[in-house]
Structures are given as structure tokens and as C-alpha cells.
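Please read through the structure below; I'll follow up with questions.
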Amino acid sequence: MFRNQYDTDVTTWSPAGRLFQVEYAMEAVKQGSAAVGLRSRTHVALATVNKAASTLSSHQRKVFKVDDHVGVAIAGLTADGRVLSRYLRNECINHNFVYEAPLPVGRLVVRLADKAQVCTQRSWKRPYGVGLLVAGLDESGAHLYYNCPSGNYFEYQAFAIGSRSQAAKTYLERRFEAFDKCSPEELIKDALIAIKETLQGETLTSSICTVAIVGVGEPFHIIDQQTIQEMIDTIEAREESPYYERTIEIQDGRNPDAAPMEI
Amino acid sequence: MFRNQYDTDVTTWSPAGRLFQVEYAMEAVKQGSAAVGLRSRTHVALATVNKAASTLSSHQRKVFKVDDHVGVAIAGLTADGRVLSRYLRNECINHNFVYEAPLPVGRLVVRLADKAQVCTQRSWKRPYGVGLLVAGLDESGAHLYYNCPSGNYFEYQAFAIGSRSQAAKTYLERRFEAFDKCSPEELIKDALIAIKETLQGETLTSSICTVAIVGVGEPFHIIDQQTIQEMIDTIEAREESPYYERTIEIQDGRNPDAAPMEI
Amino acid sequence: MFRNQYDTDVTTWSPAGRLFQVEYAMEAVKQGSAAVGLRSRTHVALATVNKAASTLSSHQRKVFKVDDHVGVAIAGLTADGRVLSRYLRNECINHNFVYEAPLPVGRLVVRLADKAQVCTQRSWKRPYGVGLLVAGLDESGAHLYYNCPSGNYFEYQAFAIGSRSQAAKTYLERRFEAFDKCSPEELIKDALIAIKETLQGETLTSSICTVAIVGVGEPFHIIDQQTIQEMIDTIEAREESPYYERTIEIQDGRNPDAAPMEI
Amino acid sequence: MFRNQYDTDVTTWSPAGRLFQVEYAMEAVKQGSAAVGLRSRTHVALATVNKAASTLSSHQRKVFKVDDHVGVAIAGLTADGRVLSRYLRNECINHNFVYEAPLPVGRLVVRLADKAQVCTQRSWKRPYGVGLLVAGLDESGAHLYYNCPSGNYFEYQAFAIGSRSQAAKTYLERRFEAFDKCSPEELIKDALIAIKETLQGETLTSSICTVAIVGVGEPFHIIDQQTIQEMIDTIEAREESPYYERTIEIQDGRNPDAAPMEI
Amino acid sequence: MFRNQYDTDVTTWSPAGRLFQVEYAMEAVKQGSAAVGLRSRTHVALATVNKAASTLSSHQRKVFKVDDHVGVAIAGLTADGRVLSRYLRNECINHNFVYEAPLPVGRLVVRLADKAQVCTQRSWKRPYGVGLLVAGLDESGAHLYYNCPSGNYFEYQAFAIGSRSQAAKTYLERRFEAFDKCSPEELIKDALIAIKETLQGETLTSSICTVAIVGVGEPFHIIDQQTIQEMIDTIEAREESPYYERTIEIQDGRNPDAAPMEI
Amino acid sequence: MFRNQYDTDVTTWSPAGRLFQVEYAMEAVKQGSAAVGLRSRTHVALATVNKAASTLSSHQRKVFKVDDHVGVAIAGLTADGRVLSRYLRNECINHNFVYEAPLPVGRLVVRLADKAQVCTQRSWKRPYGVGLLVAGLDESGAHLYYNCPSGNYFEYQAFAIGSRSQAAKTYLERRFEAFDKCSPEELIKDALIAIKETLQGETLTSSICTVAIVGVGEPFHIIDQQTIQEMIDTIEAREESPYYERTIEIQDGRNPDAAPMEI
Amino acid sequence: MFRNQYDTDVTTWSPAGRLFQVEYAMEAVKQGSAAVGLRSRTHVALATVNKAASTLSSHQRKVFKVDDHVGVAIAGLTADGRVLSRYLRNECINHNFVYEAPLPVGRLVVRLADKAQVCTQRSWKRPYGVGLLVAGLDESGAHLYYNCPSGNYFEYQAFAIGSRSQAAKTYLERRFEAFDKCSPEELIKDALIAIKETLQGETLTSSICTVAIVGVGEPFHIIDQQTIQEMIDTIEAREESPYYERTIEIQDGRNPDAAPMEI
């Protein structure tokens, strides 16, 4: 095979200036079950597909709370994701202890990216095989980041990773301009629709997805299955009508334009 | 062989984003003799097949007590399993010493998974070649986890690992909805039947299996051979009747719905 | 392939006295999106092309502020660039703390080059895959350096790196003699035209480029998108006239010949 | 050869979930000269074949005293066996010093197994190439263990390892049910017969075998050559009679059913 | 290729007793742009060819001041040369601090050579890819050394290294007997002619060469471009006359036979 | 070659359970010039063939004094042998310092064997390439051991190692039963005859052999060349008579049955 | 090539018990320019051929003073030789500091040999590629040793190493019996003739050889070129006479039989 000498060691450059082992690790993210994230000005919603290994097992956790103001959704090697989540949790705790203030999301994401970068430059380690959607709220508002095995990170309005995430991305690209002013409920509904897109016709039920939200006045939490199921039912009802108009409703008297970080 | 350059080092990703060495280690679990676990709301039962290496030897221990409220059953490399069991034991002792309370099962399982994950990311080590069914009781009730060489773990209602475990899984899938309210005795009987399924027609005797239980009011213990043999006899008697109805009997006046963790 | 035994390890010399792995890492710089830098006697402008990974994401940061008097633009592996930027930031902070004076740009650049050189002489690491244009102002005036993965650095009047940078370099070579006396505004305009050259006919908009400036009286800062867009519009208006003469205008009453380092 | 890529490094799993290097080390045990062990309720006898390298040399020691209550017989690499024996000796001394009580045999065996396991999980070491029969007496009675290069251990009623040990095992399997109540003398005689089985027609003399015993009232010691020769003569005399009945005789007024560990 | 097994690791000897990797590193010196050095009894001149990477860049520094009494010119990997120059600088500073006297040139050269030798005997490093001409003055007079990647050093009356240095060496060999009594100006002129020889017909201008001198009464310094250009003009004028006689002139009242080291 | 994948690394087992690198190191012993050792009840004699590298050189030392009561003769890599001899010397000195008594020979030999064993279990070392005949006297009498590169050791009545040692061994096997009661002089003579056997017809002279003795009343010392030559002459005179009877003579009034260790 | 798997790593034994990498390093000694040494009872002379790399350079130093009573001449890798010489120098200084007496030559040589041996037993180093002739005087008289890359050393009456040393050795073998009583002058003359033999017809001049001497009343020093040239002239004059008789003359009233070590 023509590329056999440059793609087995993470410290070996190919003649074209590529690090194949890093690219292969990014492939592992594409194999994981899908995760999506969406952001309004005040809230971020995360959603993942949870496929249980068997009918006997609960599904693997794919959404992790990091702190009151941050959480992650992962796609790829779950074990790597869990280890990185705990690293994030420690960083938040330590920052809070020293500064008595939550760690800004952007700085947390950089630390995570640096940890990943180190693994792309040591011959006796391997790049992490997991992508993380980091959702958080800080003084500069709500944020959604994607951290990649290569040590890169990107800020997104909305994003989807994992297997068959292309369908979700297409949906999100069509809709993302409306997200900025969405209510949390609307974000969650869009997250559910995006997740539905990755299922390729499979029925979406509350048991095969996890949805979490963080935002102004709402610490990061996973939404209970019953609420999700009700939302799914609403979505499906609407979809059955030939064309459905979405109306953005400010709910609970909360104003999405309000200043962030008042958890 | 076409895949020869990506599958000899645990830190090498394949172009498709897989870690072959981790997958091969998981294969080692499938080679081990079978282990099953079942969980009711208050109890967990573990059972393993014990094949003695020869008529002269006792069988290898496949069930390990970790603490009063936790125990494990293993399939795969017994030496790796033993080393990991001792790690679990130390974690429990240390936690107990510091907090004067038993270590919650879920946290124990995460530490075990993290230890396994490290071995999938260092070029001079190898992934552990053992799968562990962790059974435990804590304030949130009875739990059954499966820890995998990849550093993943899953919570199960019931599960079977090791060679020919598919037959046991099929049985458990058919029956698992009833387990939640089972008495300990019923759990053990179902464990024995599941073990029987893996034997492919071989006769089940108390000498070739080990059964352990942990639950409300019952510290983790291995059930003595005589009791097991009596249960096996009962099972076989019932099986001989053309169709047997199972009745759930609350025994010993213990109520399976009672609050857990009163060992 | 004839060169297969000398090009997989950074500590292996080829018979012709070359280090192929270092050359391959330099290839990674050519794959990154373009970055340009220009220097007058008192100011340095940096500009980068920002291609967002998708319509949903913000683009990756390619320009980093290091200190009030220094900043960098990168091309190549963004993660490596970010890690090196933080190294630069630490060096500046430490120097400032000890000497209560900003770290001269030339010395900062040498430290960066030394850090890169180490990675070309250890078998268990890899050369960094990123090129950095370092723009700074110190007592000896404004400076523009290019730091290369090989551990070399060069001082430039103007330079372009990254994909399709050849077109920008051609433009800069034609124009560079005029830069020395340019006003900051003129520098930025030339930077924008150079960036435009790398786009191969694509339209230049303020959303796909980042421009930063540092100079006398101007701490390093990224110029806001609106200002950039206005400049782009001016450039395009002028270009539409058959031949356009550029006039160097001293703006804002600032004299570019003034003594540097009065930020 | 089809299996050439998975069998040269102890940290490499084969696709079928095997560690070939560990299996090859176990092969080294089969190449060593034979060792047998037998256990009654109160005593354990060990016996080894001692083939001197030449008529000029004494034979290599294959039986090692570890403590008053424990000893080992080895098959495989003698140097590895000697190093492990000293490790056992140190463990016993340290335990005795701290707790003023002999180290229980089962715990000693686990420590030995753990030491062996470590060598199956480090790329810069090799698994030990020796099998150890550990004979000991503690408060729970007499014990015979077999420790294997894989880090596994097994408790046995009687066992034989090393070259041509199959013949000895066949003999022991036919006879082992009687061992539990045997007197020490009977155990030794059976050990001698088992050793004889491995010689394939070669004459058994006291000079080519070492026999040791440990039990109630008898610290671990190697039996002197003269006693062994007398026993061999007795065995051969009996064998010459067409069919010989073995009678279990309680000798020296010692009762094999007595409580153990009164050395 | 027949020599493929001995030339990829610096710690591997070839059957003929050669270290190919060291020889390959020496090849890197030949690839660098040329450097020459000449020595009179009281002065040493260094000169290098400076080819700028582009018209936009300044050239890379190839001459480094180490201390008032020592300087180096390099050919080969500039990054390696820079790192070694700083090492030299530190050695001089430390010696000066401890002994309050400049470090003799010969001892400095040995330390440099030892640092290079270490890199030829460690498998995880590579030999330095740079040659250094070390010019210095101490109590024993003016010295010119050549330090090679192999860890060897040689004292020279005059020497040239780098690409096309053979032509310069031919010139120097024809002339070197006159150097001992040359004035500094004469040395510099010869250095310029030697540099000219390496240019293969290209015109020598002050912008493509750097010249430095150290000697009695003259701390190591790089000669300013204007002076160099004037000298080049004189040389070219003389060359145009059919045969030119060189007259050694004592200039500035300085006597080249005077005792050295009075900087 | 069929065995090419298991025989280049000392930590790699062959499928048949062999460590080829250890066996190859033992081959190095066979390449060294011959060494013999013989033991009576009270004395041990060592003898080696000393082939000088040229007529100009003295021969290499092959017999080393370790302590007053111990010495060694080596065959194989002399440098390895010298290093191990010094290790032995240190062990003796340390023991003597701590316990004020000479280190028993058997314990010394075990330490040496353990040092050799370590080198058979580390991938970054190699087994020692030397065999040692250790001759010593302690409270349990005179001892002769052979230490092998594999980490094994054997006690011998008499032994020969090195090139063409088979002839010497044949002689020793024919004669060894008489050695136990030999006088030191007789031992030396037998050593000389054994050495003569390895010379394949070459003439034995005192200049090509070294003989040493240790025993009751005789600290370890190398016997002077003149005495050796006289003994050689006697041997040859006797050999010329058609059949020679050896008479054991107690010389110097010393009784070989006397208690040992009264040096 | 049939021997390709055992000759690239110094820790790999060949099946025949050889360490090819050590042998290849010894080959490097043969490639170096020649060095000879000769010893009388009271003096040792060393001589080397010095081939300057070019007419411009001084030759590389091949003779190093270690202490007043010891010096070395090297053949092979000069850098390795220089590093080892400094090691020797340190050993002498340290010994002198502690014991206030010069380090005996034999002990110095053993330390050097041990340092070389270590490099033949570590996979990440390489054997030194240099042979050293060590000349010294101590209380036991004058000594000449040859230290080899293998970690061996030999004492010689006279020896020659390096390229074309065979001719010198032939001369020395013919003459060596006379050396013991030679005057220092005679030794030097014989050294010069031996050096001449290695030149294969080239003319011997004082500029291409270095000669040093150490002995009773003469600290180690290199003999000045003029004296050497006069001796060369004498030798050549004598050689021109058809047959020349050498007369041993005691010069300067010094008696070569005098007790050594009175420097």
C-alpha cells in the first residue's frame, strides 16, 4: 500500500505535510453515534443518540455535566470522552476554588484543546478518538464549541458530529439563522428534529436520545425523558400537517435577550 | 494480510478510526468461560462457569468479593481480572477510611474504567484482556455494570459475557422484565438457568458453577455449593414438567421494594 | 519508493544531508490558509484568510495577540500554532515581570525558534507543523519575522505564507519598497490586496479575513470587521478605474518617521 | 509464517484475543525436567527429576525452601525460578517480621502471581519462563498450588509439570482420591511413582530425584537420599509382585486428621 | 540498496567501521552557503555568503558574536548553529564570571566538540547538521578552528566550508603563507576574494556577504556594509589590472607582531 | 531463515519456549579459550589457556582473584568477565565489612547468577557473554561452580569450558573420582593435563597457561610460571613411560581431610 | 545479506556468539591513521602519524597527555578518543586529590576498559570507535597498554594500531627483545622507524608525526619537532649504509635499570 510508511506513528509527517494518525483519530469521531448542539443568544441545547448495546443494558452516557454553566456531548470513543470530561470538571473546580468565579467557557475549551494537542506530538501516546461539543454560558453569553482530536476547536452556532451527522448539519444550516432568538424550548425542539434527521427513518423516541440544556437562569441539566417524549409528540404532530410554520414564543416570561450568566 | 500495519500497537489508529488492539483484547473476553449477572431492585446475582483445568485441580476463582456491598465476576484473562479486583478492593478500603461510608458502585466502576482506558493509550502497555461484571448495592439501589477492556462501562439489568454467552443473553432478554421484582432466590435460579444455556447440553452441577449475591440485608457472598445443587435440582424438576409457570414468591419476609443499602 | 528509509524519523539524516521530516513539516505550512505581513518603519500589519469549516461555525482564529507590542499570524496546524502562541505570551509576561519592560521582538523570536529546533532533534517528538509571522514593535522599530518549523527565522519587509501565497508574494515583491514610509492605513490596504491575490478570483469580504496592526501609538489589535469592509470597498472602487495611482497619505496627524515604541 | 506479527511482543494481542508470548513462555515450562506435587489433608510432598548436566556436576537445584511452612518445586528456566523463590522468601520474612506469624500460603501465591502478571503487560520485559509448584501448610491446612508464567495460579490435590509430565498426571488422576488421607510416607511414595512415570523406562534412583515434604509437625525439608533410595527399593519390590495392594498406614502415631499448622 | 541497514541510526556501525549518520550530517554542512576564515598572527577574519530567502527578507544571520574575543561563522542548518552559538556564549559568560578572565579559545572549542560528540552516541538524538568556524584571540594569539558535526575540530591558518567552498580553499592554499603577517585589512580583503571564488561568476556585493574580525585591539565585530563595499570596489579595480602585486601595509600604526590579547 | 523473528531480542520467546539470545550468548563462552577447574575435598585448582594476541603482547588475564578464599577463571568475552569479577570482589568486601567473615562461596555464586539473570529479562541490555568457573573455600569445604550467561549455576567436581573443552571434559570424567582426596599438587597436575587436552597437539608450556589454587591453608593465588613449567616437565616425563601409575602423595605434612577454612 | 539481522544492534548476539557491532567498531580503529608504542624497562615512547586534513590546517591531535606519568595515543574516531582522554585525566586528578599519589597505570587502564564495556551492553549507545595506546610509568615500572572498543585491554612490549599498522608490527616483532634495555633515544628512533614502515614509501618528516615519551625522570611530554627531524635525518643516514648495526648507548648518564617512578 502506497501510504504505509507515514501513517502508523503520530510523530511522522507525510511528504505532503499531513499527520495521518491524527486524521484517523478524527475518523473515530465519525463512527460514534450522533451528537448535535444549538445555540441561542442565552441558551445552548445538546442532544445525542443513545443506542443501548443490547435490550438488557442502559445506553452509554454521551452527555456529561461539567459544571453548573458547562456541559459536553461526545461522539467517538466513550472512554476517551469520559476521561476528558473529568479533566474539564477538575479544571472548573480548581478555577472556582481559586477565583471564586466560574471558568469562562472559551478558556476551558482551550485547555481541552491543548490536552488533545499534546497527544498529537508524542510517539508513545495516541490522539484522543473523541469529538466533544462543549455547551456553556458565561459573561459573554452562551457558547457552543466543537473540540476535535487534532487539538483544534471551533465555535459554532449549531453543529452535529458522529455517524450520519451530515443530515443533521443540512437541517441546521437551513435553520440556524433563526436560532439566535429562539427560546430554550424551540432550541430543544430543533435539536430533536436534527437528531431525527440522523436516524434515517428510524422512529425518534425519548428512550434513544438524551437532551440537555444550559442557559440564563438554567444550570446545565439533562431534560427528563417525559418532557422529551411530549416534545417529540408535538413535533410529529406538526410534521404531519402539510406545512408547518414555526412561531417563536417567549415562554415563562424569560427574555432571551436578557444579560447572560445569571444562573 | 491487508491489515497488518495498524493492528500490532495499541496507540495506532486504523484509517477507519479503529483501535484494533483494543478490539483484539475484547476478543479475549469472549474466549473466557461464561459469566452472567442479574439485577432486581434490591439484589444482584452473579454466576460463572468454573471449568477446572484438570480433575486434579480446583477451578480458578472467577468471582471476587470487593467489599461488603460489591463483588465482581470475570471472563477473560484471570490474572488481569485478579489484579483489577485488588485495585477495586483498595479503592473501597481507601474510600471507607476517608469518608466512613461505602464507595458508591457507580463511582467505583468509573475508576475501574479509567484504569482500563489508560492501557489503551500507552504504547508500552497492553489493554487488559478481561471483562468484569460488577454487582453492587448502594444508596441508589442495586446495580449491575459491565466493564470492558476498552475502558467503557455499561449498566445492565442482566448480562452475560464469555464463551457461548449468546445463549444466556437470549434467555435473559426474554425474561429480564420480570427481574426487577424478583426475590434473591428467583434471581439465583434465573442465573443458574442462564449459565445452563451456555453449557450447550452439558449437565449443570454445583461443582462447575459459582453463584454470588449481594443485596439489601445481604452482604456480598458466594453461595455454598449445597444450596446451589438443591436449586439446580429444583430447576431440572420443573423443566421436566411440560410447561412451567414461574411464581414470584417473596421469601423470608423480606420485601424487595424496601429501601436499599441496609446491609 | 527510493526514499523510504530516511524520511520517517526526524533524527535520521538522508545521505544528501537532509532531514526529510523537517521538510515535510514545512509542507504543512503550505497547506494552511494564507497569512501575510507587511512592515513600515513604525507599523506592522498582519492579515489572514479565515475559511470557516462550515456555514455554522465561526472561523478558526489565525491571529493571536501575544502582548501589547507583539502579535502573530499563523499558517499550518492551528493547534500547534495556538500552543506556540501561548508559549510566546508566557515569555512576554515573565520578561515584563522581571525587567518591567517589554521583551524585544528579536529575542522573543529566537526563543520561539529554539523551541522549534528542539523538536527537530528528538526521536519521540515531531517538528511543529506551523509557520508564524511575528509582528512587533520595540525600541529598534517595527519588525516582521517568519518562524519556520525547522527552527529558522527570517526578518522580512513583507511576507506571505500558506496556500497560494505565491501570488501574494509576487504582489509584495513588486510593491515592498514603498512600504517603509506607508501609513498604517496604507499597510492594511496592501495587506488586503495581498490577501485578495491568494483567493484566486474569489471575492474578498471582511468576513473571510482578519487584519491586525501593531505600531507606534497602536498596541497590537485586530481591526474590526466594518473598517475592513470599508477598506475593501475602497480598494475595489480604485481597482475598477483602469490604472490607479496610490498616494501615500499621512493620516491622523501621526508621523510614520517618529521614534518607535511609544505605545 | 502466518502468525508472525502478533507473537514477538508480549503487549500485542492477536486478532483472536491471545497473547502468544505468554503462551510461548508456558511452553518453556514444558521443556523443563518434571516436577510433581501431592497433597494429603496435613502434608504436601514435592518431587523433581534432577538431571545433572554432566557426570562431573551436581544437578541444579529444583526444590527451594521458602520458609518453615512453604517450599517450591520448579520446572522451566531455573534462573527465573531461583529469582522468584528469593522473592517468596523475602515476602515470608517481611510478613513474619511485621505480623509475627507465617504468611498464609494462599496470599503468598497471589503475590507471586501478581509479580508474574506484571511481566505479561510491559513491552520491555518478558514473561517468566518457569512454573512453580508451591507446597505449604497454614491454618487452613496443607495446600498445593501451581503458579504459571501467565500470572494465573490453581490449587491442586496433585499435579505434575515439565517434560513428559502427562504420564505422571495420568497416574495422579487415577490415584488422587486416596491422597487426602495418606500418611506422609505414602505421599512420598506416590510422588516417587509419579516421577518414575515421567522417566519413560529409565531407572529411578535417589540420585536423579529430589523429594521434599512439609506438613503438620514437619517443617519444609528435603528428604535425604538414603531414605529416598530405600523407598524406591520398596516400590520396586512391590511392583515386581503381580498386583500390589496399597495399605494406608498411620505411622509414627501421627494422625493426619489432626489440626494443621503446629510445626 | 546495499547499505540500507547501517545508515539510519547514529548508534549503528557499518561493517567497515563507519558511522553513516555522522557522515550524512557532515553532508549538511556542504549544502549550506559558504563561510571562510583567515588568520594572521594577531587577527582572524570571518566571512560568509548571505543569500536572502527572497527579495523581501533580510538574510539569515550566519556570523555570531560569542564574546568580545570570540565569534563564529556557520554553514549548514542555521537553527543548529544558533543553538550552538548560544551554548558557546553561555560557556564564555560562566567562565568569565568564575575566573574573571576570558575563556581561552582552544578550551571553548573542545567544549563545543564534546557537545557534538554526545549527539553521535545517543540513539534518540541526531548529530548536529552544522559546521562552525570559530575565530578568537587569547593569550596564545589569534586562532581559527573548524568544528565538525562528528565532534572533531581542527586548527586552521585559513579555511572555507559550505557549498562551492573548494574554489575558496584553492585560493587560500595558494595564498596562506602570506597571511601570518597580514594586516587586518589585508585579511578582510583576502576573505572577500575567497568568498568571491565561491560565487561562480556571480557579482560580489556587500549585501550578499558578512565579514567580521577579531584581533589585538579589536573586539569581535561585524564590519559595516559600506566599508565592505569600498573594499570590494578596490579589489575589483585591482583585478582589472593584468597582474596585481599585493603589498602588505601596516595600517593605523598597529603592529601585527604585537603581543595579542589586549582587546 | 526460518527462525528470524524470535532470535534478535532477549525478551522474545520462541514458539518452542526458548530464548535464543540467551543461547547465543552461551555460544560466546564456547568461543573463548579453554578454562578448567578441579576440586579435592580441601582445594580447588583453576587453569586457563592464555593465548597472547601477538608475540608483542602479554596475554589477557583470564584468572581473577576475588578474595583470599575465592577466585574465578573465565571463558568468553573478557571484558564482561572482568566487570563481573569486580562485582564479585565488591560483594566480598561488603560482606566482610558488615559481618567480619568471608562471604560463603555458594551465596557469592547466587548473587552472580542473579546479576546475569537480570540481563536475560530486559530488552535494552544483552546477556553477559562469559562463563565463570568460581573456585572457593568456606566452612563447608572447597567448592567449584560454573556460572553461565543464562543466570544458571552448577556445582562441579571438575569442569572445563571454552573452545575444545570437550577433550578436557573427557579426561576429567575418566579421572574425577580420584580428585576428592588429591593433594593440591596432584590437582594442579591434573589441571595441566586437562588443559593439555584442549590444545590439540600443541605443546603445553608455562607461558600459555595460568594456574591458580585455593584451599585449606592456601589463600587464592596464581602459581608462578617456574613451578608450572617444572610440573609440565614432570608430566611429560611420565607420559613418555608407556604406562604411568599415579600415586597420591600427601605433601608438606598437610592432611587433605582436615577441616577446611583455616586460611 | 545473510547476516543482516544480528549486526545492527550492539545488544544482539549472533547465533555463533558474536557481537557484530563491537567488531565493526574495532574496524573503525583500523581506519584511523597509525599509532605505535614501545616500552623499555624505564620508558615508553608513543608515536602517531598526523595527516593534516589539508595544507591549511594543523593536524588533529592524536597524542594526549593524561597526567605527568601517563599519556595516550589514539587511532580511530578522534572525537571519541578526546572524550575518553578527558575521562582519564579526571580519574588521575581525582585519585591524586584523594590519595596524594599518582594513579597506577594498570588501574587507570581498567577504568577505561570498564567505560568501554558499558557501551557494548546498552541498546541506546554505541561502542566507542577508538583504540588507545596508554603509556605510563608507576611504581611497578613503565607500561604500555592497548585499550580496545570491546572493553578489553592488553599489555604490550610494543604495539602498533591503525591503518597499515601491520608493517610496523612486523618491524616491532623483529626488534622487540632489544627494547627492554633501550635508552629513551633508542626507543624514539625505533618508534620513528616503525612509523616509517606504515607510510608505504612516503617520506617521513617531523611534520607528519608526533612522538611523546614518559619514563623515569621524564614526565610525559611531546618531543619538539626539531629534535624529531634530527633523529629522522640520523635514521635515514644510517639506512643508506648497506647494513647498520645499532649500538645501545646509555645517554645523559641516566641508567635505564634504575628504579622507576622518580619523575
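All chains are identified by letter, namely A, B, C, D, E, F and G, in their written order; residue positions are counted from 1 within each chain.
To be clear about the criterion, a contact is a pair of C-beta atoms (placed from the backbone, for glycine too) under 8 Å apart; a residue touches a chain by one contact, two chains touch by 3 or more.
Listed by chain with UniProt protein names: A, B, C, D, E, F, G = Proteasome subunit alpha type.
This is a predicted model, so every value here is computed, not measured.
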item: Distance from the mean Cα position of chain F (Proteasome subunit alpha type) to that of chain D (Proteasome subunit alpha type), given in whole angstrom; value: 33
item: Centroid distance [mean C-alpha coordinates] between chain G (Proteasome subunit alpha type) and chain D (Proteasome subunit alpha type), Å; value: 59
item: Chain C (Proteasome subunit alpha type) residues counted as touching two or more neighbouring chains; value: 9-10, 123-124
item: Chain-level touch network, classified as line, ring, star, complete or other; value: ring
item: Direction chain E (Proteasome subunit alpha type), origin chain C (Proteasome subunit alpha type) - full chain order round the ring; value: C, E, G, F, D, B, A
item: Residues of chain E (Proteasome subunit alpha type) that touch chain G (Proteasome subunit alpha type) when the two form their complex; value: 2, 5-6, 9-19, 110, 113-114, 116-117, 120-124, 146, 150-152, 154-159, 169, 172-173, 176
item: Contacting residues of chain E (Proteasome subunit alpha type) [partner chain C (Proteasome subunit alpha type), same complex]; value: 1, 4, 7-10, 20-21, 24-31, 53-58, 60, 76-80, 82-83, 86, 119, 123-127, 129
